[in-house]
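Next come two complexes built around subunit A: one with subunit B, the other with subunit C.
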Partner chain A sequence: MSVKTVKCECGHINHEGTVLCEACGKPIKGNQHLDGNDDQKVLEMRYDGSARRSKTYKRTFIDKTWAFFSSVKVGVWLIIITLIFSALGTLYPQEPFKNSPLPASQFYETEYGLTGKIFYQLGFHNMYDSWWYIILVALIGISLVICSLDRYIPLRRALKNQKIKRHPTFVKRQRVVSSTDKLSDENYQMIKERLKKKRYKVKEEDGHLFAEKNRFSRWGPYVNHIGLIIILSAAILRMFHVMHVDDYVWVREGETRVIPGTNQEYYIKNENFSYDFFDAEEDEDIRFREALKNANGPIPKDFQTDAIIYKVKGETVIGQEPELEEVKRGQIRVNHPIQFDGYSLYQAGNQMESEYDRISFKVNGENNQELGEFTFETDEAPYQVELDNGMIVRVDDYYPQLEFTDKGPSSFSKFPRNPGIIFSVLNEGKEEGERFFYLGEEVIGLSEGNTFSMSVTDIEKRSASGLTVKKDYSLPFFLVGAIIFMIGVVQGLYWYHRRIWIHPTENEYLVGSHTNKNWFGMKKELDEIFEETGFAEFKDQSELK
Partner chain B sequence: MDFYEISSSLLSISFFIYLIAVVFFGAILGKKRDEKQKSKLTMIGIILTIIGFIGQVASFIFRWIEAGHIPVSNMFEFIYFFSMCLIFAFLLIYFIYRYSILGIVALPIAIVLIGYGSVFPTEVTPLVDSLQSNWLYIHVTTVALAQAILSISFVAGLLYLIVKVNQEKRSKETSYLELIMYFVVSVIAFIILSFSFGAADYEAVFNLPENEDLTDISYTLPALIGPTDSELATTDHFYTGIEAPSFMNGPDAARKFNTLIWSLVTGLILYGLLRLLTRKRLGEYLQDKFGKVNPDVVDDIMYRAIAIGFPLFTLGGLIFAAIWAQQAWGRFWGWDPKEVWALITWLFYAAFLHLRLTRGWHGKKSAWLAVIGFAIIMFNLIAVNLVISGLHSYA
Partner chain C sequence: MHKKKKRLIIRTVILSVLVLTLIGVLYVNFSSEQPVVAEGDEAPNFKLKRLDVEGETIELKDLEGKGVMLNFWATYCEPCKEEMPYMNELYQEYKDKGIEIVAISVDSNEFVINNFYNKLGLSFPSVHDKKGTVMEAYDIVPLPTSFFVNPDGTIERVVKGALTLERLEGYLQEILPTN
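Let's look at the complex of A and B:
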């Protein structure tokens, strides 16, 4: 595509659609409406009057799409729409947070009535990963890219091509201006010195002076947009599951389990799980007594899993116990995950004393004479135990999680959360004995006219620790994106691109100045630079009224 | 006297110093004094503000020593820290612009905030395990400071509107401005109500006979609206007998609704009284008093506050927050309501910064945006913690 050009009287060849000549700044006839300069005294200097594609070409479909997305107004609308939807999504909890056994189709209506039903039917209960929300964010991304390109390329060209000598109209039509009839050489030198002191780069040509500083701040917005685009790309990447592992595992005290999501490569052993609550009785926590008194329940202080991480050594053979090698040992606490080979394990949940580990019993004979004691281990339930005196206690039935159905006692799961055990206490050599049922931490006799009695002497429970397993390859991208964004924002907001032109004409010296922001500071700086040099007080030609 | 008491007394002292400072800043208002007198009086106002600020910082430090961790972990502490940051941000902007007139808007807002925060339980609370991290210090303090600086743009915006909205006849703009005034008055009404009924130990208890999961609900204000399906247990207390509509579920929904109605009604009465006293719209009354203000400077402060606050908010409210969330829960972003509202705040100010690039969005339009921005911050601070439940609903 050949680019049409416009030649300025200064000799510089500008791209089609240029509003102010890149070199001398003279307004180019016929293009002034593009930046709305027709009826304004002050020239629009936002992009230095450079030729933006969106403002120049408006014929084809691509032109129109480009023009649409390059509009700041469109970008702002996209932001506002996203903002409103995001807000609506917080009206009721999102599905993952609903914390109810009810399915979503019933939960929202039962809990919140009609509005809840509408919320659910509009799909707001899964808003943030819905296709239309993702499209909204993607549109913002497109707008970011096009907005930036549409402005950055011509602006860079205009700033590169600017000359020291400008057209008088350009200088006169800047926002903050001044002039003087006489400028002594001494004063001129003083201005130059002051400019340099304020870190301006000063250039001169034929008595014209051009001072500029902090041009790099103009690139701030484009830099921060790059950061945002990296973050959005990382978010897209993360939608592919190879980029991250997200799993959950429960490990009981003393148990060794394979860590899910690691291709059966890693195992974890829960050596010990400890927990601690704030206690107003303790010296350390006494200062919280008021708060603890008013709290609804105990306030957790610390949960900690003492863990050993193992790696499988060599090839695994199916059906064979793998050989394990310890790779790491340490504590997992909230805010202090354990890390190994890119994986992290987070302390996420706890089932405190939720399972029975061992239950101890005592058997008494006639006249309460003690016959013996034994301990029942729930994980290695024995068929029978022999007491000290040689008597046998047989385990007839064992229900780890006891429940009663139409068919009698049965077990809901294999986990010993509510064990029920039926024992027979046998006299030597006999097959039939007296039967006892252990349930609900008590023993009841099943046979009539018992001569023996049985009671519980000790119960030991165990806790399980819930750990999330994470591995995320996308994190570095997000971090880099965030850092670039911050650099760009700071670069663009905390430095100001300032330019000052001194333009001699036949009968006076004109001063024009431009800053991309903070006119308040600019005026202050101008007053300091031109103080007592014969220039009239600076005039702001577009002050708010 | 222990550290907790020292801290509380220092806070009360600061509160009163701020009140006195407002009186001095009030010297700007009206036409009776000449410029020289005014600048002298506002100078005293600034000095008092600095003294009050130092007192508040000292109070903060004593509370820190008492608690053993930075006191920003419950509603009272956060609002109190936020108000401290607001004063700091005001002083910061003052030393850049030397524009003391902002004080007459900033200080009352800080005072109302301190009053509002004091309604919540003030005792030191233990840190639940997930908050025990150095990121608590970094994340919460940067967010509070950022939001305070962003609030200065609201202060400047409100000032701009008070001065620039045409008060000659009633319009949409004057009505919205009155609405802002009414909100401020309602918050004051809420504080007065809470403290007076609190001082009288008022408590009306409701039983919920049909719901076995929930315990009794106690009201600290007389019940205009009772909980759904409830019975008043303390029968000697006032009760209209009107129950909250059934869609207001949740144990505290009806109680909060009741408090809201009380605040709005009392606010309306207070507002009406003020209107009767001034015989003008409050905006009109204030405009007369404020006299001349340089709109360019105020507009610039509005923008500058956002230019400083926005990057800080991004850092504290999004980046630090994400890093901490990654460390605590293994997910840097989880669409928790508080996170979503931080994103909304961020998007809003991003939109604001972009609109500043568009012609015609300086001045009054910007000022209205600054007001909306503050409303979002307040919503995130109050409603998201108290109404919408989530990870941050610790208060």
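Let's look at the complex of A and C:
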């Protein structure tokens, strides 16, 4: 069985569901309800009355699915639903950004109460990665593709098949029309000249005239949709590690660390971390001094990490020290990342002087006689140190981040942020010595009647620099998508597709005109073209209703 | 070909491309949420210096043929320290049956590891992942996490969180070499 067709009296064969004959424009009987032409004089010219498939066949499952997605109404609802969910997801922070040691199952309820609990139970805490959110966005994408195809193809065909000679009804039922009973050849030529001057493409046949300009403006929305589809595809590309990496690393001063997200291929060394504050007294711009004085705490001016980037040479078994080759050396400042092999490291955070790097002690004997000094390195804690005079100071316990629990002193992290150290100062040849506890930057004696004393002479702290690791090869795709999107917008918005028909009948000359937007401009243009040519003033039939 | 048939084919093709893309995206999204090293995968090889025996290293590859329990722990992790005695209790018995237990500490300091190890008188191999590279390769969250590795090098079981003595013994049974 072939597709049902409708033959128009002009001889053109139209697809089923055509509202206005593609060739001559005559309204096709029985299909006028499709575009609501039944009860109004002016013809609905959207898609030029072509047969949108969505409005016709619905037989197989595929056809029904197609019809569902080709509906603009469905598309708009999908967008509205996605919009509502996207907005709801921003009510509370998403799980990766909750910034709390509490697990998500407790965090939302404790922090936000009942609404937080509901937020968590509905799965909104991981919304943008959830399968149903991805499906929603994908449905919009499908709707976009099918809606566009289902409109672009018939519209293009209708505009391609349109004839110069139209059916009088088609011309008469255009929105802005005029007529005259007399048209001299001289005036006719003048109209033609004026049309050409306004960049219309003029075609003639048997005294009928058809002028058209800027048809490409009609493709604007479809170009725009191609841009959107490229943007959606770019978002898919982003899911792949090769295209997109987003990670975070803390590097302490002096530390060399593997850069996460690089498959253990690159290392970074933090040579030095420097920072600068605005000075309320000496800031060169006097206008800011007041504000700086009122601020809570100092306002940072600049952060900078002096970094060296290394690449691993050859194969290394995980856990072994790799052979490193310097590839880049430079400064990382806010908004000035260091870049190598597609990766960028951005200055993103700092823990200023948050860790103890080394602590120096002095041991005194009886009568405050100095016995010696030593330095405790927090990363390479020694088991014991020998003083200048040969005495031994033993490290009994070391807690990098000291806290007291019901089991006594312990550490709750590996970072020396608040070190606690228990020392024994041993008398020659003895197992038991006098015990001292270093905590809170002071030393207290643990034994009674100490003959020795211990004190802190120097403390060196270090800062940690927080860096985001980024690699994004998907950005050019977003850019291309956005440019095409914009071209589509401009194409559709700044040009108007305008058509003018002059249709001679037995006793009069009819003029019908159509534009896809800006009827005011169209009327002005018509008035200029048909000025003093004997045509009656153009009337907007939609206003006469 | 009839026009209608052709149209149906075109529509079917376009819809299937779109739906397959959607399925692909969902699959990629789903797999990115899965752990890097999962049960059934081959355990990534690593080589670390032993802290309990001077001058020796442990390389996972060399332990092939034995069942291996990898225990990621740290001295600042209370539940880690609580399960250590259980591991020690079963170590000798299962070592004779062909199982090795390796405790991988992610502390930053040798001192604290050895201090704890000696205080408890532990006997299984202790290694130090100072740079955290092994931890990264195994994608460890949280502490403790234990991997039970079959004699053929594949991961039989991943346990996040602390173990009881009974559970530990049960999991060790699962990776016993057959001979």
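Definition applied: the second predicted complex is superposed on the first by the 418 of 545 C-alpha atoms of A that agree within 3 Å, B and C clash if a C-alpha of one lies under 4 Å from a C-alpha of the other, contacts with A are read in each partner's own complex, and residues count from 1 in each chain.
What we mean here is this: a contact is a pair of C-beta atoms (placed from the backbone, for glycine too) under 8 Å apart; a residue touches a chain by one contact, two chains touch by 3 or more.
For clarity, every value in this text was computed on a predicted model and none was experimentally measured.
Asker: Once the structures are superposed on A, label A:413 by its partner contacts, choosing first (subunit B), second (subunit C), both or neither.
Answerer: After superposing on A, A:413 lies in contact with subunit C but is clear of subunit B.
Asker: Is A:302 contacted by the first partner subunit B, the second partner subunit C, both or neither?
Answerer: The first partner, subunit B, only.
Asker: Check whether A:332 is in contact with subunit B, with subunit C, with both or with neither, and answer first, second, both or neither.
Answerer: A:332: touches no partner chain.
Asker: Considering only touches as defined above, state whether A:149 meets subunit B (first), subunit C (second), both or neither.
Answerer: It touches subunit C, and subunit B stays clear.
Asker: Is A:385 touching anything from subunit B or subunit C once the two structures are fitted on A? First, second, both or neither.
Answerer: So A:385 meets neither subunit B nor subunit C here.
Asker: Compare subunit B and subunit C by how many residues of subunit A each one touches, and report the one with more.
Answerer: B
Asker: By the touch definition at the top of the document, which applies to A:236: first (subunit B), second (subunit C), both, or neither?
Answerer: The second partner, subunit C, only.
Asker: If we overlay the two complexes on their shared chain A, which of subunit B and subunit C does A:76 touch? Say first, second, both or neither.
Answerer: In the superposed model, A:76 contacts subunit B only, not subunit C.
Asker: Counting contacts the way the document defines them, which residues of subunit A are shared by the two interfaces, the one with subunit B and the one with subunit C?
Answerer: Common interface on subunit A, subunit B vs subunit C: nothing in common.
Asker: Of all residues in subunit C, which touch subunit A in the complex?
Answerer: 2-4, 7-8, 11-12, 14-15, 18-19, 21-22, 24-26, 28-30, 32-33, 44-48, 59, 74-76, 78, 106-112, 114-115, 127, 129, 131-134, 136-137
Asker: Give every residue of subunit A touching subunit B within the complex, in rising order.
Answerer: Against subunit B, subunit A makes touches at 36, 44, 46, 72-73, 75-76, 79-80, 82-83, 86-87, 89-91, 93-94, 97, 111-115, 128, 246, 278, 285, 287-288, 290-292, 294, 299-303, 333-335, 337, 344, 346, 348, 468, 470, 475, 478, 482, 485-486, 489-490, 493-494, 517-520, 540, 543-545.
Asker: Please give the residue numbers of subunit B that touch subunit A in the complex, ascending.
Answerer: 4, 66-68, 97, 121, 123-126, 128-130, 132-133, 135, 246-247, 249, 295-297, 299-300, 303-304, 307-308, 310-311, 314-315, 318-319, 322, 326-332, 335-337, 340-341, 343-344, 347-348, 350-351, 354-355, 357-359, 362-363, 384, 388-390
Asker: In their shared complex, at which residues does subunit A touch subunit C?
Answerer: Spelled out, the residues of subunit A in touch with subunit C are 1-3, 53, 57, 60, 62-63, 65-66, 129, 131, 134-135, 138, 141-142, 145-146, 149, 236, 239-240, 257-258, 260, 264, 317-320, 378-383, 395, 397-401, 410-415.
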